[in-house]
Every structure is written in C-alpha cells, then in structure tokens.
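Shared between the two complexes below is chain A, which has chain B as its partner in the first and chain C in the second.
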Partner chain A sequence: MKDRASNAASWLLCLPVLALLILCFVMPLAGMARLSLNAGGGQSGFGLGGALFEPGTWTVAAYADLLASPYFREVLWFTLWFGVAVAVVCVLIAYPLALAISRLSPLARALALAAIILPKLANVLVVVYGLKLMLGNAGPVNALLLWLGVIDSPVRLLNNLLGVFIGKTYLILPYTVLLLSVALARIDPELNLAARGLGAGPLQRFVRVTLALSLPGLATAFLVSLVFGVGAFVTPFLMGSPNQITVSVDVQRQTFENLNWPRGAAESVVMLGVLMAALGGGAGLRALARRKDTR
Partner chain B sequence: MRYARFALIAVLAVIIWPLIYAVWLSFTPGTLLEPPVGQWSLRWYAQFFADARWVNGLQNSLVIAGMSVGVTTLAGTGLALAVVRYRLRGAGLLSAAVMLPLFTPHVVLGMALLPFMRQIGLWGHGLSIALAHSLIGLPVVYLLIRDALADADPDLEPAARGLGATPITVFWRVTCPLMAPAIAAGALTAFILSLNEFVIALFLATPSIETLPKVIWPNLRYTLTPIVAAASAISLAVTLVGLGGAALIWRGWRR
Partner chain C sequence: MAAPSPPPGDDPGAGLVLSNLRRSFGRDRAVDDVSLEVEPGSLFCLLGPSGCGKTTLLRLIAGYQAADCGAIRLGGRDITTLGPEHRGIGMVFQHYALFPHLSARDNVAFGLAARGVARGERRQQAEAMLDRVGLSAAERKRRPRRLSGGQQQRVALARALVIEPKLLLLDEPMANLDRRLREQMREEIRDLQRRTGVTTIFVTHDQEEALSLADKIGVMMDGRMAQIGSPDDIYNRPVDARVSRFLGDANLLALQSSHAGQWQLPGGMAVAANGRATPAQVMIRPERIRPVEAGRAGVGAHVVSTTFLGADRIIDMQLGDGTPLRMRARRERYDRLAPGDTLRVALDDDAAWPLA
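Right after this comes the complex of A and B.
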C-alpha cells in the first residue's frame, strides 16, 4: 500500500521533467523525422513564394536527394573527418594538461579548473569574437610571430581550415580537460608509489599505471569531444571558409536560405544516426573490454 | 616540475586571453579594433545602451534566462526527489534521458524545435526559447540536487517523523533546507547557461524577440566592431556575478 502511494508520488514529482522532455525533445525530434519524409517546398528563393514543405505528403525524396548529392557527401565526409581530427587534437592537448592539473595542490587545482571552465560559461560568440580579434591579420598573434621573426609577413589564421580547428579546439577543450581530470582524480596515488617501490621507472609508471587506469576516461573524453566536434556549427560558420562546411552549417542553410525543411530535417536525422552509431559503438567496446577484464 | 608548472600557467593564460582581450578592447575610444593603451573610454557602452536593439536583446536574454531557471528548478528538483527519496522505478532511464539533449547537436535541436514550435503556436514567444534552454540547463541542476540529497543523512527524515512531524512539515523543515543550497547553485548555473546559449535562439528567435547572442551574431559574420566587445563584456559581467553568487552559496553550504 505504502509502496504504491510513494510510487504515485514519485511519478507526480517526475511530471515536470516528463512534460519538458516530451514537449521539447521527444515530440520535436519525432516531428523532425516525420518532416524529413515530407515533399520539399523546393523553391530555393530566400522566402519568395513556395512553401517550406508540403504537409501530409509521404516520400523519401529528401533522403534520395542526399544520397545522390556529391555536395552532401563532401559535407558529411568533412564533418566526420573534422569531428575525429578535432577530438584527437583535444585529447592530445587535454591529457598532459589534466595530468599537470591533477598534481597541483587542491587550491591551485580549483583555480586551474575554474580558468578552464570560464570560457565555457561565457557566450560562444564572445569566445569566437575574442579569437577572431587575436587571429586577425593585424591581430596580436601575427604581431607576436612577426616580432619573433618566425614569419616575414602576416599569415592567414582565419577563414581557413586552421581557423576552424583553432576555434573548435578552444570550444571543446574545457570538456575534454574536465572529463580527463575526473578520470585521473579517481586513480589511487598509492598505486604509483607501489609501482615505484616495485622498481618501475617514471615512463613505465606512466604507461602501466596512470595511462592504463585512465583509459576508460580517455575513451569517454574522446567520444564526447567527437560528438561536439561533429556538431560543429559556430566555428565553421564564423572562422572557416566556404570550403569547410559542416552538416550543421548546411542544416541552418536549408532551414533559412534554401527554405527546404525536409532536406534540413533529413540531414539532421542522418547526423543523429551517425552520432548514435558512434556512441553506441563506443559503449559496446567498453562493455566488451570490461567483460574481458572480469574474466 | 617547475617547467611543467610554468607551461601549465602559460596554457591557462592562452585559454583565458581571448576573453580578457575582448573586454580590454571594449574600452577603446576609437573605431579600430585596437585595445586602448593610454586613453580609455566608455563610448561603446554608451552606444550599446543607446541602441534599442541591443538593450532589448539584453532584456530578452535576462527574462528568458529567468523563465528557464523556473522550469529547470521545478523539473530538476522533482526528478532528484523522485530518484533519491522515492527510489523511482525507471530512474536510471529517466536520468539518462535528461542527459540526451547535451549530446544532441544544437543545430539538430533547433531544426527539430522550429517546425514544432511553429505548429503549436509558441514560435516567436520567449517561452519557446526558455523551454528549449531548459533542456540544456536541466542536467546540471538535476545532478547538483541529486548529489546534495544523496549526501544528506537519510535518517534525518524518518527521525523527524518519529518525533511527530507530519510529512509536509518534514518536507518543508528538513528536506527543503537540505536541498536549498544545491537548488540555488543549480538555478544560477541554469541562468548562466540560458543567458549564453546561442544556437537555439538562432532558430527560435524572431525579430520581435531576439536574445543578446542573436543580436551579436550578424555583427560577427560581416564586420567586427567594438560594440560587440562592449556587449561581450556586459554578458561576461553578468555571468561572473552569477558565478560568484553560485560559488559563495556553495562555500557557505560546504561549511
């Protein structure tokens, strides 16, 4: 009796969460999947005439268009390649950073983590604005490189692939560092001492204790960075060139410029599918590794 | 080891520097994108507050963030209570579902929300943006409150009942005070996240209801003007005040 009452109470408490998730997540995503199966408005004319989509129709035309379009293949390929590359770069930078932070005193560690999170709590656009100011042809980075004599004339650090890379790395790095810090903090420091006592050198201690034990955290950090990298929108838009379009950028274009909503929806569905496959694959690999461990 | 520490400080400085540089530049007296050296001026701030579009953007952002705080606090507290205190069946599933929007590219969220909000007639209303922002803030609020509840001594509530308190009294006098600091810290975090969220507003905002990031956006695409630096500094200032508040509450609670 009491069980049933508390079960009812708990569902009542969950009502706001359920309402929010259903109203703002489940139903919109389901609607988007349905939208991708509508016939397109087709008229690409900056809002002049034509509908955004034809309600009530059922067709796979949007997906057929995507399959047939070499342009979309290129965009998708760049998006995936970029996501993987940016995730690798982030992990490579974040790992030593997180390792250095994990060895600080508690106060210094808190300060360092605060410094890393701060850009994440600021507006994305503020960070991008700051970066664009820094990286411009007449900006401080070029000025510094010129002064140091590394280069003779200003190099282009913006509106090309390098710009997108720098921007996206800046935006993802805080997450990667945080996740790795958590993973490294979980490692018992006594293990390192024990390894030293058993005669392991610094390199061996790092590879066989610290790195080995942080591998699951490393995998998580890589996957999360990958997901954020694949979803890149603001940096390719503002810091890249028209040659570096991601799926996100193209979705926004289909929505607001081509006004072909079924196509934008279909592109979103494809991207979600790819991300789910990546996350599912990652989770599967981890489960497999764990099973091997316990055996 | 000393080199490692020096390198760490250098890397942290590089991470923070673009933000500091933008704020520094906002005080320039000229129209060029050069940070002021001798002469500082509040000219761009004056221009920000003289332009109705910027001021409206700031106001809308603050109102939407406020609404989002209400939604996330209500939803997050409810879920945390259900999971920790009532041992909800299916809690794991629901907790995971709450995290999902974090891993959905924001453009996909926008693409999904725009047609839906248009259909149910919420498009162009600040509430649609606030609800969507709540998806982003909810995980943080929920995790904070859940951990606070899980850390609290589970015997406190039965003890209060044993001393003759009614369930409602127990809730108000025991459970609520236990959650309050986490709720406050979560609310401030949700406020900051909503204030700074951009992509969702890009899809859901209409010219009649633009958030501050949405007003900044076209200025970043075409030309960079110092007024964006002033807008950046203002939104950073609001964020830092919120963060300071959250940190104070957190410290007071841990003591």
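Right after this comes the complex of A and C.
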C-alpha cells in the first residue's frame, strides 16, 4: 500500500519534467511526423492546426516521392558517407590528442581541455566565417603552404568537398576529444605499469591495455561524431558548393524554397530513423559486450 | 611486435644486491643511500611506517622509477638501467592492477603472451599456475570485478609467478583483505614461496605480518634502512628506540647506574647487565615482565588500567616513583585486577636490551 503511494508520489514529482519533455520534444516530433503524412504539399506547415485529424488529409505521398527520387537517394548517400568519413577522421585525430592530454599533469590537462573547448564558446557562424578567412585563396593557410614551398599556387580549400570536410571536422573535434579524454582518464595508469612489468612492449601495451579498455569510449565518441556529422547543415551551406548537399540542407530547401513541407518533414523523419538505428545499434553492441562480461 | 627475450639465467630465486641506492622527489629523499642483500630463494620483508620510502624502494627494484644513483644487481647481473619489461621481475600491486577487461585466466596468460608463448602452451601454463594458487574452474572465467578480494589476490600472484620471475615483489598485498583472510593468505604466500623457491620481497607496515613471514626484515625509517636482520634480531635486539617501538610494545627505561653486572632501573628495579657498555636506555618487552608472589623479590606497582586481548591481558602500571610500566601476562587470575590494585612484578633475567 505504502509502496503504491510512494510510487504515485514519485510519478507526481516527475510530472513537470515529463510535461517539459512532451511539450518540447514529443509534440514537435509528432507534429513533424504528422506533417510528413499530410496531403496537399504547397501550403505552409503552420496552417496545419485544426486539420490535424481531418479525414482525407492523410497520405504517404511524400515518402513515395522520396523512394522514387534518385536525387534524394544521392543526397542521403552523400550525407551518410560524409558523416561516417568525418566521424572516422575526427576519431583518428582526437584519439592521439586525447591520449597525449591524458598523460599530462592535472593542471596542464585542464588547460589543454580548456583550449580545445574554447572555440565552442563562440557562435558557430563566427567560427565558420573565421575558418573561411583562414582557408581562402589569400588566407594564412595558403600563404603558409606557399611559403613552405609545398604548393606553387593557392589551392582551393573552400566551396568544395574539402572545405566542408575541414569545417565540419573542426566543429565536431572538440566533442570527440572531450569524450575520448574522459574514457582514457578512466584507465588506471597502474595497468600499464603492470603490463610493462609482465614484459609487454609499447605496441602490445597500447593494443591490449589502452586501446582495449578505451573501446567503449571510442564507440561513444564515434557515434556522437557521426550524429553531428550526419546532421551537418551550416558547413555544407556556407563552406561547400552546390554539390555538397546534405539531407539537412535539402530539408531547408524543400520547405523554404520549394514550399513542400510534407517532403521536408518526410526527409527529416527518414534521417531521424537512420540516426536512431545507428545509436540503437551502438547501444545494442555495448549491451552485448556487457552480457559477455557477466557470463 | 617484438617480444622482449626473457633474461638469461633461468634458475628461479636469484640473489638481489642493492648498493647505495638513492632517489629524491624534489628536496625529499624518499630512498636515501639504501644498501641491501637478499639471499637467493629467501623471503625478505621491507617494513616501515607509511611514507618511509618502502614503496619507492620497491618501484626502484621493479624499474618503474629510476634511481638517482646506486646500483641494482639481480642474479649477478646489473639491471640498474634496464626497463621493467626486461627485468624479469614479477610484481603484485597493492590494488592488484588486474586487467578489468580480461578473465582471470587471460590475466594470468598476459605475461606469457607478451613473451610470445604459443596459445596452447600459454593456456596450459596459466591453468597450471591457477591450480597452484587454488582458483576454481568457474572463477577462472570471470573478470576481476566479479572476484572477491582474496580471489583477486590469487590471480595477481599467479600472474606474477607464471612468467617464472627471478624475483617476486609484493606491495602491501594484504592491505585490502580482512583479518581472517589476511592470515590465511599469509600462510598461502609463505607456502607458495617455499614451493617455488622464488626470491621474494614483501612490503608491509604490519609488524606482525613481517615477523611471521620473513626470513629477514629490513626496517625502513625516513628513507633509510634503519636495521636489517632476522625477525628475532629485529624484535629482541633493535638498534634504536624507534625500531623497538615500531616492532610492538616496548618499555623504554633510562639506565640509572650500573655496577657488579647489574643495571639499576627507575622504580628500584634491577636487571642483569646485557653487554659491557652502559647504554642510556634499556628496552624491556612487556611479555618479559612477570608478576611475583607477595614477599618475593621484585618491586611493587599500582595498576593503572588493563586491556583484555583474549589469551593475554595488557596491564599498565605505575612504579613507586611514577615510572609507567607495561606488562603482558597470560594468567587468568589477573583478569580480576582493577585499576588501583597493587601487585609485585619482576623482570626476566635476560629481559634488558641496551639502546644507544
């Protein structure tokens, strides 16, 4: 009896949070899903209002459109491989960096992490325009490469795939480094000493101790980078060319340029599904690893 | 991946010689001019209060820290500048440092894999060593997190021993075990050490552990080796007051005069002189004081307090001139003693040990 009462009380306590979640996350998402199934594409989504449950306004036409569209397949394919490639590069750069940071003294480690987070304190647009200045034909990066004699004439680092890649990697990297340094900091340094005492060389120690123990953190860092990478909007928009269209960019075009709100909503739902599948797959793998552990 | 070749000279139990080893951290001399010889196949105990430098000394021997100066020789070979992976020394860490992602068996096989031992051979040797330390088949498949403290320690021991080290180092391995388990593991370690014949250095701050386990004990104080000797030496013939106090209860009494082979102590006590010199102080262990019948030789004392220890009882007394004296007695009739009671006590003939 008492149990039930306290149960009810705890639900009551959760109510404000629950209401917030429903209001801020569930309802907009449900609205988007409903919009993707709405007949009559041309009008603004804001007019949906009362027509929400009206019969005859439901259709899967937008999804049929997507399936039939080679253009969307191309955009989706580019978005996915771009996201994966950015996540891979982020992890490859961030891992050695995080490893080096994890071996610093506590003060130096705090300073290094602060330096890495610093760019995140600035507005994304400011950062991107800063990057554009750096990467331009007359920018310092090209100037340095020319001065070093690596190149004879300025290379194009902007408004192409390379530009998008550099921009997106730059924006995601702090998160990847942060997540990996947390994972690496959790590894007891004494384990490396133990491995050394048992005769393991540097490579063996890295593979069998450090890398093996940081694998869960590595998976998390990769997935988070992937989610950010796949969701890329600002960098393709500002640093890419018309060839680098991600789903996010296309959603914006479909809704605001073509005024085809159901199509934009349908694309968003598909993207959401893909990301949920990736995160779910990651969580599944971790659960599997944990079950193996307790067996 | 080049596995380091095992060091030459493969009979277990090599002798260890430290000469003038020194290591400072900043201005703090953690290990200060330590020289030491550990005989092949013996169990040596490094004993000292926390912060005395015994763990640093152990890390110098293992190679995890470099000595500022001095030399380390193991089995006649100079290993002073060798990395830990090339020393062929097995180490059990205080918190065991077992690999959390590997099963008990894979933890034990780790050192063999690092040495390039083939998989089948590796498994066989790991199993054999786990048999020796007494870990059951089901426990071998578990990861360290799912093993008890005692089981974890067995795995750590097996992992250190399976590589057939010439020297085994144990850093306070019992610190995380409860008392009963500690006594059991103490016996098991002693037994394992005898059977394998591996030279072993054991770090502890527990004097009882050191006295019961070691062939020889080195007492460290403030980074220096205060005394090296057998448990009997260290306990009964300490070099100074600090060592005598660290090794259990001790009555330290100022010597008042000495003549005719007798030392006069405070409170009217007298004891046979031990040695010709006249020391400033005399140490008397509480168990070397015995109660005597009224009217016999001895001095009178007032009971201040008594402490029940099970088989024994500690009786804190005060002599006529106020000198405090502690006695440890086994007799049940002293259970009735209460503070304020008086009794007569005398010293064993050879009870006195001179201290500088």
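One rule holds for everything that comes next: the second predicted complex is superposed on the first by the 263 of 295 C-alpha atoms of A that agree within 3 Å, B and C clash if a C-alpha of one lies under 4 Å from a C-alpha of the other, contacts with A are read in each partner's own complex, and residues count from 1 in each chain.
The definition used in the following text is that a residue touches a chain if its C-beta (ideal position, glycine included) is under 8 Å from a C-beta of that chain, and two chains touch if they have at least 3 such contacts.
From a predicted model like this one, the values you see are computed outputs, not experimental measurements.
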Looking at the overlay, what does A:268 touch: chain B (first), chain C (second), both, or neither?
-> first
What is the contact status of A:24 with respect to chain B (first) and chain C (second): first, second, both, or neither?
-> first
Please name the chain, chain B or chain C, that touches the greater number of residues in chain A.
-> B
So, A:197: does it touch chain B (first), chain C (second), both, or neither?
-> second
Which superposed partner A:66 touches (first chain B, second chain C, both, neither) | neither
Looking at the overlay, what does A:208 touch: chain B (first), chain C (second), both, or neither?
-> second
Once the structures are superposed on A, label A:89 by its partner contacts, choosing first (chain B), second (chain C), both or neither.
-> neither
Give every residue of chain B touching chain A within the complex, in rising order.
-> 4-5, 7-8, 11-12, 15-19, 21-22, 25, 33, 71, 74-76, 78-79, 81-82, 86-89, 94, 97-98, 100-101, 103-117, 119, 131-132, 134-135, 138, 142, 192-193, 195-196, 198-199, 202-203, 212-213, 216-217, 220-221, 224, 228-229, 232, 235-236, 239, 243
Inside the complex, what are the residues of chain A that reach chain C?
-> 188, 190-191, 193-201, 203-204, 208-209, 212-213, 293-295
Per the touch rule above, chain A residues touching chain B in the complex are 6-7, 9-11, 13-21, 23-25, 27-29, 31-32, 35, 52, 97, 100-101, 104, 112, 115-116, 118-119, 121-134, 136, 138, 140, 170, 173-174, 224, 227, 230-231, 233-234, 237-238, 248-249, 251-252, 255, 261, 264-265, 268, 271-272, 275, 279
Seen from chain C, its contact residues with chain A in the complex are 1-4, 6, 62-64, 83-91, 93, 95, 97-101, 110-111, 113-115, 141, 143, 146, 159, 163
